[in-house]
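Naming follows writing order (A, B, C and D), and every chain is counted from residue 1.
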């Protein structure tokens, strides 16, 4: 697979945007392999994702950003530039359940997404063995009401030390503080319900109590307002009166694995553009 | 199709229930064509549905209930007895939208369920034409804050006059009072969200605002606590950032039609057993 | 909704395509409201859909095609140009089943898609009443082994007379000859199976025999090779051992309605681009 | 969880079957915790699954079969009797792909189903490492055109030696001979298509070529007629023109894992009753 550059751009809607952006790439000899756009008419916003091959592109990687600045700034655009040959680094945070952890590691090994997973962080020691099995460092950082502030500082230090780009809360079962998220905003969480149904704790028990016929899982970016962040992906599965809470948990695990993995993959391929509390997913 | 009798039974769980109930039917020469059961271990409850052919059954229809009483009472059972040759009568209540109305009428004509639809009741005159097209009486009963009580009395009179067994709120868009439901509890409603997400008004707008990736519809029995009644059926459809509110409404209509129709059919076939705020659906 | 023009373009992949096409629209003062593209790397093909507002566009409608020719021809492109204010005209072909017919008419009346439906053509007289109910002309053209050739000529005359743009085979249950398709290629068919499973006759019976746990429906463009045309849309529904053939037929009808309606809507919005035996659906 | 006995019974349909079977269990002091039945009217066949607690049951385990014989034989019934405290033993057969293997092992460790997995058999050495990681014996038995007969004898010996109850072909990618299946018929296979679509080799490539919009996976019992055995479970996932063959393979892997795991779990819980080429799945 050849190296590519990807621009994710948001700007006020106006004539000529597609032409201007495409011209920038064409004028520099780039070959576009993916271009998709979306206009949010109500918000007056134009959102686009463009990916092109670096081979044959006249600008060296470090000059692309300043060069595009000359086009983007007059348009009032905000943008991100990513290169496919920069391998992102993930920290997986877990509690006691291993299904999402196992799944993410398996997918990374199977190259379903391209990333490194140098560390696993947990508030419990339970999954140390899984980390060892796959040769990943395991950091046990127990959290109590009293030590949360200082433990979050330790977590932030680890993310810095290991140059982590993305935190994946793979059933971490703890609230990350608003302050933490401010300092490290790239966090994907999996919630075990079809949000906004059953926000908060014990969604499977509450789904059972309510007698729903379908349960779901939701992968979203973590925000200070718990379970209210921009949704990346959701999926559902049928349940019936024959399903006890344990069956909901079991069926839900399959959902959680798949939904979280899809969200992580989409994020790592720079296919998710957040604006307001919404996402555009350029599939 | 031969005539059948169906028993829907709930009773405290205990040994020998299946044997006792099956013996009652066998001893009287009945041929069971469907038997299904469910045990709610936490509630200590046994729930069953048994359907058998009336042909060759030794008891005449009017003696089945007293005869079964001799078995059911000692078990502490509550039960309903239905005969397939008694055609239930439905009143469809609508507001201005016609998709669920059209769909229910089409299915009844196509014999997807067996019922008569003698009347349509609406708080608006808009769908009079549809009623005429299919030769169904249309009763326009406008509701305001001030006349709700007296108008509900008129509605109850109509249900009595036309010997209605089931009210289907096919996008009626009005709250039915607790008092009404007490007097006429057999009401199925379609809610245009995946309950309990987006309880209350404007679910599609709120789903759009929240940026969900899946929307749903829910058919449930109406209870005094709005949108909180026992759920009969739910289904969902994928949406994306490309879908405006109008698209959610359009996609939702297809869901509403199908989910409501399934719930009405299951109810009419006496396949739904309510206990607490839950349903057992014997499919 | 303001009038728009839409270009559907296929051409050999090469650098600068997005820029050239976007420039053509921008240079003439057009405001792009939808642009999507796809590259089939194996086929070396670039496929795109661009839609822009006609208001403020400097070229009058009849000059757009010749003007674009100057760009398209050197690129080796083939393209279609459509205007949203040209209302397409549909002929619905049916046999005896009314569910897809009812559904399409309801959706057209509800403006889920913009089209006129001047005629219904059938090899049986059964659905004449439905046509009358909605004020649509009904042409009964019975087909036998011996008269097929001459009857197809009559059908072609009708399509010409009523200036039909699209034929929708809404459970027509007859094979349309290769010769007919050659003369009138814009035909969408609904097949009542998840193609390529159960190609040909009696798919529900064969699905039942095979004991599948899921059934489907497929909307595709008709081609001389029956059931082998480019697929536009498919969907599925779960079945179980409790479902008899009649239940498969009933469940399948809901699928057929929805799948056919989606395909017709996508086609009418010029979102379907056929190449080889495949479709790109620009949603 | 208390120990239970389960009867899976097929017999010609006749009056009194439910009563007779329930009486047998009740008369011996058994507490039924699950009873479900199905009648295939066309085949004139009654099929049922009954599960009851062994605690308090008056017959010792080894006398249940002869005792039930007195009831079953006059009815012309065939039946299987299973005890939940007999832990079944599985051999997983693989080729080079590890996703189903990993998944099955994870589920067994997570007790999603109760079974022992003493051996993995493969025609390739590739997955030896996975076996070691989880402490399972790995038997590399390479198959060629010339040695198939003798290698199958080795496989049969292993199944015998390890007292295997069920073989799971977890992407084994080899045809098992009719002779082998005759000697060891308890084999579940996962086929990577929505059977009967794309029977045989390379289903993902052929699905891509055909341009389908949905792909699937099928778990079925292996029979001499390849890919034609009784279907236990199927599921599907949407694909689009953006999905290359590699994407179909990746999406398909998630399906294969889940569909195979569900089928294995249903089989191990004695919920699958085969008759003719069909299954009744008592969920």
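Basically, a contact is a pair of C-beta atoms (placed from the backbone, for glycine too) under 8 Å apart; a residue touches a chain by one contact, two chains touch by 3 or more.
Quantities reported herein were computed from a predicted structural model and do not represent experimental measurements.
In this assembly, the chain whose C-alpha centre lies farthest from chain B is A. More C-beta pairs touch across one of A-C and A-B than the other; that pair is A-B. Chain A and chain C have Cα centroids separated by 37 Å. Rounded to whole angstrom units, the spacing between the C-alpha centres of chain A and chain B is 42. The residues of chain A that reach two or more other chains are 240, 242, listed in rising order. Within the complex, the chain D residues that touch chain C are 38, 41, 194-198, 210-214, 216, 230-236, 240-242, 244, 277-281. Residue ranges of chain C in contact with chain B, taken from their complex: 98-99, 102, 106, 110, 112, 133, 240, 242, 250, 254, 258, 283.
On the chain D side of its complex with chain B, the touching residues are 15-20, 22-23, 25-27, 29-37, 39, 238.
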